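Given below, in the form of structure tokens, are the structures.
Both of the next two complexes hold chain A, though its partner changes from chain B to chain C.
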Partner chain A sequence: MLYLQLLINGIQTGAMYALIAAGFSLIFGMTRVFHAAHGATFTLAGFVFYECYSLLQWGLLPALLAAAIASGLFGVLLNRWVYVVIQRHEGSFFTVFAASFGAAIVVENLVAIVFGKGLVTVSSDWSRSVEMIPGLFVAPMALVAVVVAVVCFAVLHYVFTHTNLGVALRALGENPTLVDVYGLNQKTLAKYAFLIGSVLVVPAAVLTAMTSGISASMGHHIMMISIAATIVGGVGSLRGAAMAGLLFGLAENLCLAFVQPQWSEAVTFVILFLFIVFRPGGFYGRAIVS
Partner chain B sequence: MKKLLRALAISQMLVAAPALAEDIKIGAAFPMSGANAEYGEIFSSGVNLAVDHVNADKRLNGKLEVVYEDSQALPTQGVIAANKLINVEKSPYILSAFTGVSKAIAPLGQRNQVVMINGGGVGPDLAQLGPYFWNVIPLVNLEVATMVPFLVKDKGLKRVALVYVDDPLGQSAREVLDKELKAAGGELVKSFSIPATAQQFSGVAAQIRDAKPDAVYIASYGNQQVQLAKQLRDNGVTQPLASYSAFSIPSLLKLPEAQGSYFTSQQVNLDSSDPRTQRMVSDYRAKYGKDPSMYAINYYNAVLLLADLAEALQKEGKPVTGANLLEKRKNTPTFDFVGAKVSFEDDGTVKAPVQINQIADGTTKLVKSGQ
Partner chain C sequence: MLAYIQNIIVLFSINAILALTLNFIMGYAGIFSLAHAIFFGVGAYTAAYMALNVTDSLLICMLAAMVVSALLSVVLALPALRVRGEYFVAASLGLQIIGVTIFSEWKSVTGGLGGMIGIPPPVLFGYTFSSTGQFVGLSLAVLLGVLVILALLVRGSFGRSLMAIRDSESAAQAYGKYVNAVKTLSVAVSAGLAALAGGLYAFYMSFVNVEAFTLNMSILLMAMVIIGGTGTLLGPIVGAAIVMALPAALTYLPFIPSSELGTIQQIIYGLAMVILMMFRPGGLVGGRGKEKSA
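Entry: the complex of A and B
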């Protein structure tokens, strides 16, 4: 029964990791901007939801909408007023990274000033497990996490395969010069990539606030998951990021049957290391020839 | 040009507060960012109030000042902070917190004859870090030794599972808990070590349910212990939770899932009639709008202890150095602390009674007084 329990826990954790990683993978894959402030977007979305849902009691949908607006605006404005400005002056990849990292620290401190430095949680009966069969506990939130992840990835798959915007975004990731040749605007497309990628953290942030709580300083942890899942999944592959997130969640939980919990995070990095050595392109990544 | 320079020099003299030779800068290596920053806020609230009181009373020849450095509750950052406080700020007295950080910076105190004083870390090893390392908080061995008989004998909870963070504090807590449970007729049924950065505990909860303990002891701190309490409850762990003084932070007291949990802390009587306690409690309430926590009181005491020692040294015409502070402390039998008159053990640790508390209605209630 313990294995089944760990398997279910792993699927829930994996669904969350997949949602966390998808936004970063999308932005990095399409724009090649190492958006280190993606963790800050997550923190911002979580705290806006907490403020609107728990403190102001606006209800679920308005609070979700407010979190989506806040995270989308943050991503788009950061791109417009920081990344684009640096790129216009021929700032290197690392200059943009440093600026993004700085923005993440600013957001972390602002959130700490406004909401405090402690952990806050959004109380919900859905996060409480019920005993399905003797010894097997499942929270309704686990089902919600899986359904939300499936719906999000299905919608993204549709957008990227059946809409002009999605095809253009994929083209931006594949060959930006060709995008110009076809008369499309790279900056406009990058704006959409930031908008979609930033809004994509909202479900994960809300689920995290309800299941384990959020704090101003959790952005770094989110970035670690995002980077690892993007590498293992393959840069630019949403399907890969989803698979990698699920793999990490399952590995972190199933390994508990054999080793102490202190090694569960190490398992993630062993997987990452093995991929870097044996399959550097990740699950679905393109081979990169230097 | 000369006129301009002269004008600048004069304006500088007028604007800048004159630094007197007798001014004392104390250092504080606290977590001001990261997952344990909530503690830094609590610690500094007690320090700031104490500095205000010392300066308002003009107890020292110069002004007392505190310089904060961010340790992030990490040993590496703690060493960087302590080096800066010793070598740049020339602090003779540094406030420390967290077991790992304190153990990392203690050798710097010994080498440079700078007093390091801890009011937040509780690892038992902190009593053995040399003459320049002092503790104004009872250590976790005392806390566990108080909690175990309460669980085993008073509550009949003999089988205890432990979740501990894999650092010096957690490892010490595991050793002491195992020893005390055996001595009290209980049993440590299973222990789970977790990394300090872990945030997902549904798998740990499944294993705890599998072990079927009577109670679960948590030896972690900061945001992680809040996540642990929530996720254990959410994932079907219904047994009573027990912990040590780190459970007294506001985010945990407010957590619905933590209600009913037991935790130990040093005994503090906020209603004590002695003037130092009355002044600290009333001014703290006025300044921060709440009761002072045990940590705020500890660091208030740590600063007042410095003021007591420095005042005595200055009256004798001696400089306020780490060596002189140590000598003065050894020659002083008792000190007035908030809530009690205390004395230091030979190992530099204050001994204080430890009480059992329970989290109820977002605050704490006393379950058993300390002895």
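Entry: the complex of A and C
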């Protein structure tokens, strides 16, 4: 029964990680920007939702909208005001990474000043666990999480295979110069990649806030999960990132049956190490060995 | 007041050693490690363990710290040999997290969250270092030693091989450089010398626990290197001085509540990183238009 419980928790966490990792993978795969501030987007979305829903009592939809606008704006503006400026004169991986990391530190600490360093939870009727069968506790939120993740991925899949924007974005990831040749604008496309990628964290942030709660320092963990999942899944592969996110969610929870909780983060990175050493290309896709 | 300044000098030396060694792999070898605090920690724990259980000789403790840390760094170098850049950042992040978990959970050796207390003052050739004043001399001497070693390495053929690999791995290989050996060695040197700082820290504080070796410390070290300037010898020292002077300077600003000091400090580092990367990617000391490939 313990395993079943952990499995269900794992799927719930995994669905969240999959969404977050897909956002990061999308941005990194399409624009080659190592967006370390992705974790900060998550924190921002979660706290904006908390402010609008719990404190200002705006209701669910307006609060969701506010969180989406905040995270989308954050991603797009960070790209426009920081990454683009850097790429104008050199844009090596390291410079962009350092700037992004700096931005993440700023956001995390600003959130800590405004909302405090503690954990905040948005309570709702759906986050209360009910006993499904003796010994198995499941919150309706777990189902919501899975449904939301599946819907998001279905929409993403449609966008990337059936719309001009999606096809152009994939082209940007494959060969940026060729995108120029075909008369498309790289900068506009990059903007959309940041917009979509950043908004993708909103459902994950909101659902996390409603189940386990969010805190200002969570951004680092989210950033690590998304980087790790992107690598394990294979750079540039949304499907891979989603699968790897699910894998990490499951691993993080299932390992609780064998080791103490403080080791669960270490388990994630053991998986990452094994992948880097034995299969640097990830599930799908290719390794960047420059 | 004298004790205060002496304390600052010792801590500055320790941080400067760490920043210098981090810069050695970041600036010269192009390996971006977010796990430098782990080698600092391994050095500190090894030195403390030796001092408590085996001998209080400074030389032996420091040597043990360097050897253990350098050996461990090969574990870190293993993924680094296969991949570069973004992959390595993730791998080192992972090492940092696993390292902190081990530091706080391996209770029989590291003392868990409580740490190790009562580390005896070190003895060098019959001379005992116990007062802060004596530590000022010791730490400055070590800092100078590390600086000289790194300067020699960077100026020599080893440093040129490193920079060649940083700029183009395949070109370096085509010229007959043993890319993997040079990379592994550079990581080992960096980790070994960082362990010296760890040993100094353990003896100076006569107390170690996991607090000093967390991800925040790694980030702080990275900030020192970036703000000062990667790929220069002076940069990390300047960076360490600035990053260390900031908290002291902030306490003179009356309008900042003392409870928010740490947060404000981090915001300033973060902003400094963003702004420097935008307008002066070479750091304060480095040149403006310095091209670096990654």
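In this text, the second predicted complex is superposed on the first by the 285 of 290 C-alpha atoms of A that agree within 3 Å, B and C clash if a C-alpha of one lies under 4 Å from a C-alpha of the other, contacts with A are read in each partner's own complex, and residues count from 1 in each chain.
The rule we apply is simple: a contact is a pair of C-beta atoms (placed from the backbone, for glycine too) under 8 Å apart; a residue touches a chain by one contact, two chains touch by 3 or more.
No experiment lies behind these values; they were computed from the predicted model shown.
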With chain A superposed, do chain B and chain C clash or fit? clash
Looking at A:112 after the superposition, I want to know if it touches chain B, chain C, both of them or none. Which is it: first, second, both, neither? both
First (chain B), second (chain C), both or neither: which does A:262 touch? both
Figure out whether A:95 sits in contact with chain B (first) or chain C (second), or with both, or with neither. second
Which partner does A:62 contact after superposing on A: first (chain B), second (chain C), both, neither? neither
Could you say whether A:212 touches chain B, chain C, both of them, or neither, answering first, second, both or neither? first
Touching both chain C and chain B, counted on chain A across the two superposed complexes: 108-109, 112, 260, 262, 265
What does chain C use to touch chain A in their complex? 26, 30, 32, 78-79, 82-87, 89-91, 93-95, 97-98, 101, 104-105, 169, 215, 219, 222-223, 226, 230, 260, 263-264, 266-267, 269-274, 277-278, 281, 289, 291-294
Over in the complex, which chain A residues touch chain C? Could you list them? 28, 34, 82, 85-86, 89-90, 92-99, 101-106, 108-110, 112-113, 220, 224, 227-228, 231, 235, 260, 262-263, 265-266, 268-270, 272-273, 276-277, 280, 287-290
The chain A residues in contact with chain B across the complex are 2, 5-6, 9-10, 12-13, 108-109, 112, 116-121, 123, 127-129, 131, 135, 137, 139, 211-213, 215-218, 221, 252-253, 256, 260-262, 264-265
Mind pulling up the chain B residues that touch chain A in the complex? 33-35, 37-38, 40-41, 166, 192-195, 197-207, 209-210, 223, 226-227, 230-231, 233-236, 249-251, 255-256
